[in-house]
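What follows is a pair of complexes built around chain A, which joins chain B in one and chain C in the other.
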Partner chain A sequence: MTQASFFPGGSQAARGLLARFPFMPALLILIALIVLNGVFEPNSLSYRAIRGLVSTYLALMLLAVAQTYVVYAADIDLSIGAILSLVNVSVIVLLDIFGGSPAMVLLACVAGVGIGALCGLVNGLVVAGLRLQAIVATFATSILFTGLALYVLPVAGTPAPAAFWRTYGGSFFGVPFVFAAAVVTAIVLYLLARARLITQLLAVGDDAQAAFQSGLPVTAIRIKGYVLCGVFAALAALCVTGDTASGDPLVGGKMVLNSVAAVVLGGTALSGGFGSVVGSVIGALIIGLISSLVFFVGTPSEWQNLVQGLAILIALMVGVLVGRKDKS
Partner chain B sequence: MSAAPQTSASGTGQFAQSAAVAKRPLVIALGLIALLLFTGEQLSPGFASLDQILRLLIVAALLGIVAAGQNLVILGGREGIDLSVGGIVSLSAIIAGNVMAGENGGIVPAILACLLAGSFFGLLNGIGVTLLRIPPLVMTLGMLGVLQGLLVVIRQGIPSGRAAPALSEFVSQPVFLGLPGIIWLWLGIGLLMAFLLRRTVFGYRIYAIGSNEHAAYMAGVPVRLIRIALFVLSSMFAAVAGICLLGYSGSSFANVGEQYMLPSIIAVVFGGTPLSGGKGGYTGTMAGAVLLVVLQSILTTINIDESGRQIVFGATLLLLMLFYGRGARMRG
Partner chain C sequence: MRTLAKITLASVSALTITAFAAQAEDYKIGLSNGWVGSEWRTQMIDEAKAAAEAWGEKGVEVEVVVQSANVDVPGQIAHVRNFISQGVDAIIINPNSPTAFDPVFAQAKEAGILVISTDAEVSSPDAIYVGIDQKTWAMESAKWLAETLEGEGKVVAINGVSGHPANEMRVSGYREVFEGYDGIEIVNEVNANWDQAQGQQAMQNLLATYPDIDGVWVQDGMAAGAWRSIMDAGKVEDIAATGEIRKDFIDLWVENDFTSGASVNPPGVMASALNVAVLMLQGKELKEAADKGQYGNAMYLPIPFIDGDNVEDVAGELDGKPGYYSFTSALSIEDAEALFN
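What follows is the complex of A and B.
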């Protein structure tokens, strides 16, 4: 099993760049997609269209970021979709009971983030604490969280109060809320990237045994990773709530696999220890832009899913091939 | 008649080379099944009746056949996993329904078409994982997206097919010794898998690449070829399950296969094959599939809301996982 690179002639400089910015291939794919979108539908580059894209895909971006933090430590979270659903319905039901005044909206959001963190804690305790296999254990917790979401709101439909979606879809001093939220998120991610926890997660993912032997509390670090994941999944839930303006106990289910795909597209290794949240955000945008491009080139509606699936598969392959670390 | 899979299970366990490894999870699974059946009988008399158990075994057989392929891929190691099986099951059910279109004469062509389609996608998975060295999770996840898209296209173009009467009979009516055909098929697959894994060079090579791929490669095992074969087999088992599912439900409807994706992995884990691969076997997985189905069935018997059912199901799965291979504690 030779570990030679797929591009044997790859120059040292390119390798160095890739090691420092693992999201480079994803960025190139993203730029190509933006250009293609612009070619096939010039309006897709308009301010309005970009704003629409961001408000639809901000949730997937945050969910991909959430997934990244556990993948850093070589874990995975298949329950983030269920966490998203649970937070979504909890916020909606809280607001339905206590009324939708602005202060209450804020309180409900805080409560939602708390629920997300709690779910993350459960995942962390189960996977790292009880040492169960992450894939199957988080699948089990996803069933548990989905059950809780169904308990909170058995059927989809309760609307969000106007204060909620008007804020999400509105503007402040001419700046759309979603852009402001994206910028704030970017700053938070930038600060987080420098936090000790992120470095520790990467160390655990790279070699848990070595991390343990150098004195890191591996179990605690992995649990914290899951809590962080839960918090970001909750933030994604708030975006979904703002975007759809209603509660749906199953809304997050179909987003789980996309979050994993976005992480991989962004150049983060599922084996842990290597990657970036910037890449995951780009990966989420790639998924969004692929579906809009498929629409803009005039694909018949029944073929759109297939073309989209093929495009994502190819993008995943390209990302993995180009982004492969040379281990030899 | 719950004894059917049990006897075959302990039978293969006896001549298993790694009996010590395979036995414990098998005993746990069988014990839990007995416990659940007893509990179910207490909760609702008739739960453990012969008829009811046969019905459970039919459902378990559908899951168990998918899990056979999943088991092979997982045994082969290197984070082997096949998330595309759900898509293959759905695709196969649709192809089979349309090729046979309710006619008995169409069964054989339908089976051939499904196996062909299955092996095609399995081959793509295998090539992606070996030659392009894409991690299996990523490759099969991408393939699942493609299959879901393909299903949308197919469903637009053609009506949802119908099962041939003979196929429906084979799946749900007794054909021999009071057992439905699908249970005989499942037992046959169980024997085949036991033979394949314990008595053939191919089987030993699967364990070899699963426990130490590099050593196997150095010893001359055609690692890539075997891994490709595992993915092809996985898709073919999923295709067989899709045909049986068509016979079970009568007609092929949207995304019927989705429900098998993660449960097939859980069945393998409950059967004592760790996701890291290299050890375990199919006999345990069969018990794991029965365990999962009995558990689900007990929850539908209890008179609680869907939400409560899911909460109990999720919590019980976590509890059961504690009985199986927990990771090693970190040591300095």
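What follows is the complex of A and C.
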């Protein structure tokens, strides 16, 4: 696995590697970004900073994973941020009403995941069941879910019980919770990658007609994809709740397009049928590290937005170009 | 534009000097801004940079590092974490959420960093707020409107974003004032999301529905639009309405002799917060602890007011500035020192 093989003139072996590990270009960009961050701000590689990075971006990683599953089937979910907001405020309000005992916290989390799954089911029924365009239908449901979130909690506020965010920010037997959560997530993703549903989603995304003709229940598969997406969006919401310790009915709105960008950065095709969740996780980290790097290199404040946008664009182009060269 | 360039140049040279001068007293202060949708925010940061530079004359080198971009809440939490990594002495933040920063501010405090929020209050016990009281801001202009109407008349209100903390505080402020006047009747309240175009349209609708209104209480960012509708309807003579503080609106006001009054939410609040921060870093004690507001951690700044009596002076002061420039005020270093023992 040498670096050269991902660049122009890639050999047969490199092509095979890229097909097996579509996230390779993203991984190289990630490593480059980590090194650059370390050069411009050595402290950004400290244990504390890396722990901070993971606890801030764990939510976006999970959200990108959620998005990946629907993108596999050539669908998209623009309501993912609204689902996150709705789960966030629901958990906070439940805990506010029923108190913050550890058992209650656990119950509220389960309820939150249930709400996420329900939202996903609504999306699936609307998109796959009613056959509406995914991009427009989920945009509409995003407004619906945001409305619900504002009904549940009209103004940002209401603190989470200490048990909740102390757990998220704390350590157990010397291992920070967020690292443990990241490892558990990795194992779950590994197991899921072998699940039949994932293969079916990819088959539908590759060629829905062919999948249908070969006897796959395409509609049911797409609906299940949206439910899975809702569940992971809810898990992302639990991370946001842990990191912010409060409810905010508008918190997820701006994260939607970041999740899509992370998916594409990670080498997953928006046209469906090809990709990897590992890539999406890396994509989320790339987005986070780019915005830190823009600051650490000393970009003047007036230019930070522009430079950040350009950097993401370049990362996308590098990924696409490397991928294309190796596939051709 | 030239002023902007000057300020930028000045702050760049200030940074260069900081790099070379080995001062006994030098501080590094991080400024975080999570929304770049208006010139007000740009001016806020430029004024804070200029305030940092002014400390040079006192022999105190204040280096500012800025993170300003459109970010979501986790993105702004990352701003704070980046500042912690850089080892700044203080963080001044215009926060995207009132409550979401509690855990990360606690971490900043653990790292020995002073945290001050400005423009929007935060619930964190590990931070203080230096800025204006949004409720008082609304009460001042509501009082002006009620007095101008001599306590008698039909009033409509045009508000910002429903559910936004500052908006809710402002709404409770004007309602409280108008309740104190028996003759004032609020006939309708609408939201126009702090957007000029939506404000203009809301005003058109209101004028069509209630042709006999006497007063309009409209928040900044929408007042210019509302006044445009009032002008189109030919009702400038008959209606009193609140205004705003941008130069292009002040010019319009003077030109057309509006009956208007405006509470000032100055972009200088971040500069004020910076001066307070430096004095706190020097170990000085506040005369009056920052314990006001709903979270018990606020220190409120005075709110200037513009009405028919002083609008000409304000227009004179803003002469030569670009149209988007806001009338401003900030605690000078001396003003800030007066607040400390």
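Going forward, the second predicted complex is superposed on the first by the 313 of 328 C-alpha atoms of A that agree within 3 Å, B and C clash if a C-alpha of one lies under 4 Å from a C-alpha of the other, contacts with A are read in each partner's own complex, and residues count from 1 in each chain.
The working rule: a residue touches a chain if its C-beta (ideal position, glycine included) is under 8 Å from a C-beta of that chain, and two chains touch if they have at least 3 such contacts.
These numbers come from a predicted model, not from an experiment.
Engineer: For A:Asn305, is the partner it touches chain B (first), chain C (second), both, or none of the two (neither)?
Structural biologist: both
Engineer: Kindly classify A:Gly273 by the partners it touches after superposition: chain B alone (first), chain C alone (second), both, or neither?
Structural biologist: neither
Engineer: For A:Val260, decide between first (touching chain B), second (touching chain C), both and neither.
Structural biologist: First partner only, chain B.
Engineer: Should A:Pro176 be classified as contacting the first partner (chain B), the second (chain C), both, or neither?
Structural biologist: Once the two structures are laid over each other on A, A:Pro176 reaches no partner at all.
Engineer: Looking at the overlay, does A:Thr158 come into contact with chain B only (first), chain C only (second), both, or neither?
Structural biologist: After superposition on chain A, A:Thr158 lies in contact with chain C alone.
Engineer: Is A:Leu150 contacted by the first partner chain B, the second partner chain C, both or neither?
Structural biologist: Both chain B and chain C are touched by A:Leu150.
Engineer: With both complexes superposed on chain A, which partner does A:Val320 reach: first (chain B), second (chain C), both or neither?
Structural biologist: In the superposition, A:Val320 contacts chain B only.
Engineer: State whether A:Asp243 touches chain B only (first), chain C only (second), both chains, or neither.
Structural biologist: A:Asp243: touches chain C, not chain B.
Engineer: Which holds for A:Ser46: it touches chain B only (first), chain C only (second), both, or neither?
Structural biologist: The answer is second: A:Ser46 touches chain C but not chain B.
Engineer: Going by the contact definition given at the top, which residues of chain A touch chain B in one complex and chain C in the other?
Structural biologist: The overlap between the chain B and chain C interfaces on chain A comprises residues 150, 154, 302, 304-305, 308.
Engineer: Along chain A, where are the residues that touch chain C in the complex?
Structural biologist: Where chain A meets chain C, its residues are 41, 43-44, 46, 48-49, 52-53, 56-57, 59-60, 150, 154-159, 165, 169, 240, 243-255, 258, 288, 291-292, 294-296, 300-302, 304-305, 308.
Engineer: Touching residues of chain B toward chain A in the complex: what are they?
Structural biologist: Contact set of chain B toward chain A: 79, 81, 83, 128, 132-135, 137-139, 141-150, 152-153, 156-157, 213-214, 217, 223, 262, 265-266, 269, 274-275, 305-315, 317-318, 321-322, 325-332.
Engineer: Contact residues on chain A for chain B in the complex?
Structural biologist: Going through chain A, the ones touching chain B are 1, 78, 126, 130-133, 135-137, 139-151, 154, 208-209, 212-213, 218-219, 257, 260-261, 264, 270-271, 302-310, 312-313, 316-317, 320-321, 324.
Engineer: What does chain C use to touch chain A in their complex?
Structural biologist: Checking each residue of chain C against chain A gives 8, 31, 33, 36, 42, 45, 65-75, 77-79, 81-82, 84-87, 97-104, 107, 123, 162-165, 168.
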